[in-house]
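Each structure below is given as structure tokens.
Here subunit A shows up in two complexes: once beside subunit B, once beside subunit C.
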Partner chain A sequence: MSGSFGRLRGLLRKEFLQIARDPSALAVAFLLPAFLLLIFGYGVTLDAHDVPIALVVENPDAVTASVTGKFAQSPYFRTSSFATIAEAEKAMDAHAVTGIVWLREDFTRRMLSAGGAPVGVIVNGMDANSARIIEGYLQQTWANWMQARAAERGAPPPLPVAVQQTVRFNPAVSSRDYLIPGLIAMIMTLTGALLTALVIAREWERGTLEALMVTRATIGEILLAKLLPYFLLGMGGMTASVVMAVTLFGVPFRGSLAVLTGTSALFLLAALGMGLLISSLARNQFVAGQIAIITTYLPAFILSGFIFDIGSMPAAVRFMTHIVAARYFVAILQTLFLAGDVWAVILPNALALAVMAAIFLGVARLGARKRLD
Partner chain B sequence: MWHQVFALIVKELLAVLKDRKSRMVLIGPPLIQLMVFGYAATFDLDHVPIAVYDEDQSAASRDLVARFVGSRAFREVASLRSGDEIDALIDSRTVAMVLSIDRRFTRDLLLHRPARVQVIADGRNSNTALLILGYANSIITDFSLAWMQSHGGQTPPTVLDMRARYNPSLSSQWFIVPGIVAVLTQVVTLLVIGLSVARERETGTFDQLLVTPMRPIDILLGKGLPGLLIGGVEATVIILAAILWFHVPLRGSLPALYLGLFLFVAAVTGIGLMISSLAVTQQQALLGAFLFMVPSITLSDFATPIANMPRLIQDLTQANPMRHFLAVVRGVFLEGATAHSLWPHYWPMALVAAASLFAAGWLFRRRVY
Partner chain C sequence: MPPVPDAPPAILIDGVTRSFRAGGRTVTAVDGVGARAERGAVTGLIGPDGAGKTTLMRLCAGLLRAESGRIEVMGIDVGRDPAHAQARIGYMPQRFGLYEDLSVRENLDLYAELQGVPASERGARYDELLHMTGLGPFTGRLAGRLSGGMKQKLGLACTLVRAPELLFLDEPTVGVDPVSRRELWAIVGHLTRTANMTVLLSTSYLDEAERCGAVLLMHEGRIIGADDPASFTAGVAGHSFHVSADGIGKRRLHERLAGAPGVVDATIQGAYVRIVTETAAPPSAAILLPDTAAARITPVPPRFEDSFVTLLKARGGAAAAPFRPPAPGRASGDGAEEVIAVRNLTRVFGTFRAVDDVSFSVRKGEIFGLLGANGAGKSTTFRMLCGLLPPSGGTLQVAGYDLRHAAAAARGRLGYMAQKFSLYGDLSVMENLRFFSSAYRLRGALRRERIAWALEEFGLGPVSAATSRDLPLGYKQRLALACALMHQPDILFLDEPTSGVDPLARREFWHRINALAEAGVTVLVTTHFMEEAEYCDHLVIMAQGRILAAGDSESLKARLRTEGHPDPTMEDAFIALIEAAAPTRAA
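Right after this comes the complex of A and B.
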């Protein structure tokens, strides 16, 4: 037993020395997360503000002034006036404005007589998501104007139903609060796979793994010695990311640290296991690197629920998201940060991570042994 | 000199295509990813689970609920008997939204008082929450208008008439699929180029290349042109799939698209060669490729709008070739842009390509020890 422990210690020492002497592993563990968090944290938001809007009023009077005033006051818009709709559309073609509000020549007359005067709204639909959100803001501004006008004149509300909106966990609907927890999951996916994918592949390529195999160290010890240092590095990167998210970006953290640590450990094991598997299958760094890039970053970005809602994907794609480990971790982190320890979310996802970790590590272990003979 | 360069190109292509594993990596995953991501990357709501708490249980409230359930965006998974269940359902992510109808709903409607409806959304994904609120609002507005019409109320003084240009049905696929063309082209090109010099350096064959009569510019061409070729072919396949499979309309001119593609792949090739020659080991090269790829996708307008970013970062994105190529692809596909109108996106890519290729050539010479 002490022999096994001694061998493991020796192997671990070798791995730690290797990490310390090639700073790229340290860079992956700490520099990459910090760099990505800064870019995302400061750069990425899905909340629109100061959207450039063209106002086209064909026949200006007091009524149209009250409409355009409402749009101009809104923090969501930056308005500019155009005399004709043709000029406004030209501005939209040139990407100078994203939306157009168009009050036709007979707007006031129709509104005061028959009613149902159309407020024309045109948005650039190219970015469908932004377009929908901007449409929502425009609609809200219009409804506010109608409401205010009715109230001023003591008339009944223009629309009979009053909607009260509540957004749980994120009342200000700040996209940063939801993107950053998901981002941490993505960063950890990258870190985990990158850290390990190249390590074993490199030893295969150089033939040093075969050299290790003729020693008395078992394949389990060799893999464990590979895994442990990178696991510690990954947890360190994770801690740094969470501290940055909370202190620098002010994302609330409502769960408990114990649950965060436990689930992060499970996730890291799955991510590192996947890296180990890739590297022992590929056996050369070139292919291992390519597979790592293809199977980690884009799937974690698109299929994890980090930005795109999994529930709205077609059934076949939704099914495929189950093999993306980041998917479970994103759900756990979003819940831990914004909602708290909700066991109904955490338990099934943690279980899925545990199963994935077991499968990846198990297959990597078997794969490594089979290659021996 | 040309036949030397040609020989190097052939060797590079063989190195990539002869190896079964690396050939598979180039052909399989991009196509699978295009298919999966083409369907997965959607901001459209499709049968989002909701719960309904209808305290009124009247004809009017049932009509309102039917409008929710009948829309493609929502599906009802639970009907609540008490308000206490709402929080638990949202917390556990069983539903993304709860529609709660006040018990005086019909009475208030008939008395011309504001009839109250509450929409509670899960804010853990704030984007989905915003979309849900938007859909819910328009369903409720439609209900209001229909109610007023059928109960002899006044027509509202104004109505909103909303249209979207370029993408009238606001399909995310039209927006995302052209974006995937750019993302996958970059990933594949970077993969081929980014590791190629580092691999040769690690195995020592790069030194051998340097002692041949080839000049750095020849090596640069021999290393760069295969990337250009593979990137171009890969992009063409993806563009064809976007048109034939996803039916994204191609409204502009193909030459305008391919001019953009050429400049983009040249820029990515230059950056890949630069990373590759700065790195001493393949691990460092891979790390470098990642450090370039991740921000370049994030800051490219692919999924997260540049328009919402702070001014300083918006200016920084001007140096990102992917941002410009995305503008070219989307412009040509959806807006019918021409080469003339895309000029502001061509020259930054050309500049990045020239600078990075020059730097890579210089590094080739410098990195011999």
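Right after this comes the complex of A and C.
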């Protein structure tokens, strides 16, 4: 028994020394998470902001000036004026503007008559997702103007009912607040599966694993000595990410730290199990890296609900998301950050993670032999 | 431990077979092998690359499972109880199993923990191992920063940290310079004598056989001979002769002797041609060289390699077919023409002088050798000669072109065969030939003619559709040479061309190179096989970026010849030169 402890201690010390001396492991564990957080925190956002639009006013007067003024003041738009619709369309073709608001020649006359005036709105539909968002903002700005105008004239608002929107959990509807919790799952996938698969493949490549196998170390000790350090590294990366998310980006955290720690540990075990499985198939770093990216990181990105809503996926794809561990963890993280300890969400997802961790680790352990074939 | 009279042998292998699936084919790496290794001796597992040595050793170490047959190690069935057997084994895999980002001391600590050496015993054991390997001053250095020879010794020390009863060393001397090779053998000899350790060591260097207590000769997955090395050599005693004849150059002589009746093997050895005959009787000059008056035939002592080649030929190894070399593209001038001229060549990387004031010249039609250990500056010199790397100083002329101004023009006149297989492994033989011929801008009838020549002369016709990656090493080497000769170059650069191939393939290779040189092609070769230096007309020995010595192989060996050492080998000469240049090395 004491021999086993000594062997494990020797292997662990070796692993930590290697991590400390290998800049690439530390980079994947800490630099890459920070880099991803900065990109997603500052760069990528699903909110519309300063969208370039064209205003085409065929017959400018006081009424149209008030409409264009409303658009110009809006933080969502950056406007530019065009005399004719043809010019505006040319600008859209050149990607100079994303949308066009078109006030026809008879706009003011029809506005003053009873029926109300139509406004032409053209949105570049190449990126359907953004188009829909921009369309919404345009309509909202238009509705605001109508309301303001009605109030000015002491008349009842032209719309029968004003829509009262309430967004729960994310009142500012900031995409950053739900992207960043999901991003933490991506980051832990990287350290858990990718890094683990790479470092074991490196031992195959350099022939060191072959030498270990002929020593008295058991296969269980060899696996455990790989699991523990990368578990700690993954938890460290997670802690750093959460601190960055809350302090730097002001993402709210409404759940409890204990639940966060517990569920993160479950997810990390599943990711590590996946990494061990990959390393038993791929014995060089290039192949291991490819398999890890394709089987863990990309699915986590696309199929976890981190960016794309699982509910709106086709049934077959939705079914596939159930074998992506990140799916459960993204749900837990988004709930913990934005809503709190909602057990109805956390318990089933945590259970799914526990089952996946048990399966991956179990298969990795049973499949491992102190042999090369 | 005194030998127990009725103890089972250290290793007993009985009818073991193991095959692998690779690229849709099944390769039988170990094919019904039966063998044994006695306790307290060094048993050499000797054979060329791909013979199945590593697979057999991994089977013995319990790292692979045999498909049939059984292996006992120290009386334990390895297939059934690998853990029990492994507790008595020390195993050093190829590349030594070291953690490169751990220091010497940390590597030792790791293996001490893994082998359960108590902390109280480590100090004394480390001292002993560090003293034996000469690594004492380097305990804090990262393993990755050690030289090849030092890594090899550290790998050995890690394996020995808890003295095993049986030591497996898989190709410990590959990629290690001759001085370090000699030191490793001294350590292995010491271990068997003082610690009664049993050693199984695999190697593709045939000259190492003579240092073993017993030899298992392996070829294509089978053991083709098992005996003590002296018996192998004794079997061919009286079959070896040096031949020389007035008025015939050594290459012409070699060509004729290789095809002569009753000759099993012919190699060039400095000024002589060394032959091995079928029978022990001295061959008659009239039969060997019918129309040559002044042939001298002198008996010489047999070598282990003679016996190996005889065994291989007896198993149906094909004799080298006559080779029709391509006429060099722009052959001109006589043999005195200087084709490569290097003056005061220097190359600096940062503060490191990789090549330091090197000068030599090579004449047309000459075979010129560049010898040296790893890191001596051979490859850097080579790259500069090919115009791949600009020199820091000095002048460099190849085929009359100054490489600093006309590298592209010079490259058009030379063929280059790289050390590693650098063709496209996924392409077939034919596709590689087509690609290289078009890369050399051959077109139309000329291109078809050159491809037909390559398929015919290199015997590649039958494998033209095969994927290059799956070819045996000897065929890969032929294909690489064929590609390098596509454009009929005047100058051929060969970088470690025969690493790892079996002796027959190496002979065939040199047979072609000789024919090329006879046809006027200038050949520049780097090698660490000292015996290949014998094929060179001139050679330089490099160490630490400088030329230590230059001359032909006879004159280099002659410097070492004494009463007590009448017949030094090229390796002896090499080691003596290296040691004289760096007397502090051993300290």
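Structure notes:
To be clear about the criterion, the second predicted complex is superposed on the first by the 363 of 373 C-alpha atoms of A that agree within 3 Å, B and C clash if a C-alpha of one lies under 4 Å from a C-alpha of the other, contacts with A are read in each partner's own complex, and residues count from 1 in each chain.
In this text, contacts are C-beta pairs under 8 Å (C-beta built on N, C-alpha and C of every residue); 3 or more make two chains touch, one makes a residue touch a chain.
All values reported here derive from a predicted model rather than from experimental measurement.
With both structures placed on the common chain, the touch criterion links A:Ile323 to neither subunit B nor subunit C. Once chain A of one complex is fitted onto chain A of the other, the partner contacts of A:Leu257 are absent, as it touches neither subunit B nor subunit C. Applying the stated contact rule after C-alpha superposition, one finds that A:Gly207 touches subunit C and leaves subunit B untouched. When the two complexes are overlaid on their common chain A, residue A:Asp22 makes contact with subunit B and with subunit C alike.
Once the two structures are superposed, subunit B and subunit C can be ranked by residues of subunit A touched, with B on top. Once chain A of one complex is fitted onto chain A of the other, the partner contacts of A:Gly6 are limited to subunit C, with no touch recorded for subunit B. Of the two partner chains placed by superposition, A:Ala65 touches none, neither subunit B nor subunit C.
Of the two partner chains, subunit B is the only one touched by A:Gly289; subunit C is not. Across the two superposed structures, the residue set of subunit A contacted by subunit B and also by subunit C is 22. Residue ranges on subunit C touching subunit A, taken from their complex, read 58, 61-65, 82-83, 86-87, 89-102, 106, 109-116, 142, 158-159, 168. The touching residues of subunit A, when paired with subunit C in their complex, are 3, 6-7, 9-11, 13-14, 17-18, 21-22, 206-208, 210-218, 370-373.
Within the complex formed with subunit B, the residues of subunit A that make contact are 22, 24-25, 27-28, 32, 35-36, 39-40, 42-49, 51, 89, 92-93, 98, 107, 111-112, 114-133, 135-136, 138-140, 142-143, 146, 149, 156-171, 173-175, 177-178, 190, 194, 198, 202, 282, 284-287, 289-295, 297-298, 301-303, 305, 307-309, 311-314, 316-317, 320-321, 331, 334-335, 338-339, 342, 344-345. If you check the complex, the residues on subunit B that touch subunit A are 19, 21-22, 25, 29, 33, 36-37, 39-49, 64, 87-88, 90-94, 96, 108-109, 112-131, 133-134, 136-138, 140-141, 143-145, 147-148, 153-168, 170-172, 174-175, 183, 187, 191, 195, 199, 202, 281-287, 289-291, 293-295, 297-299, 301, 303-305, 307-310, 313, 330, 334-335.
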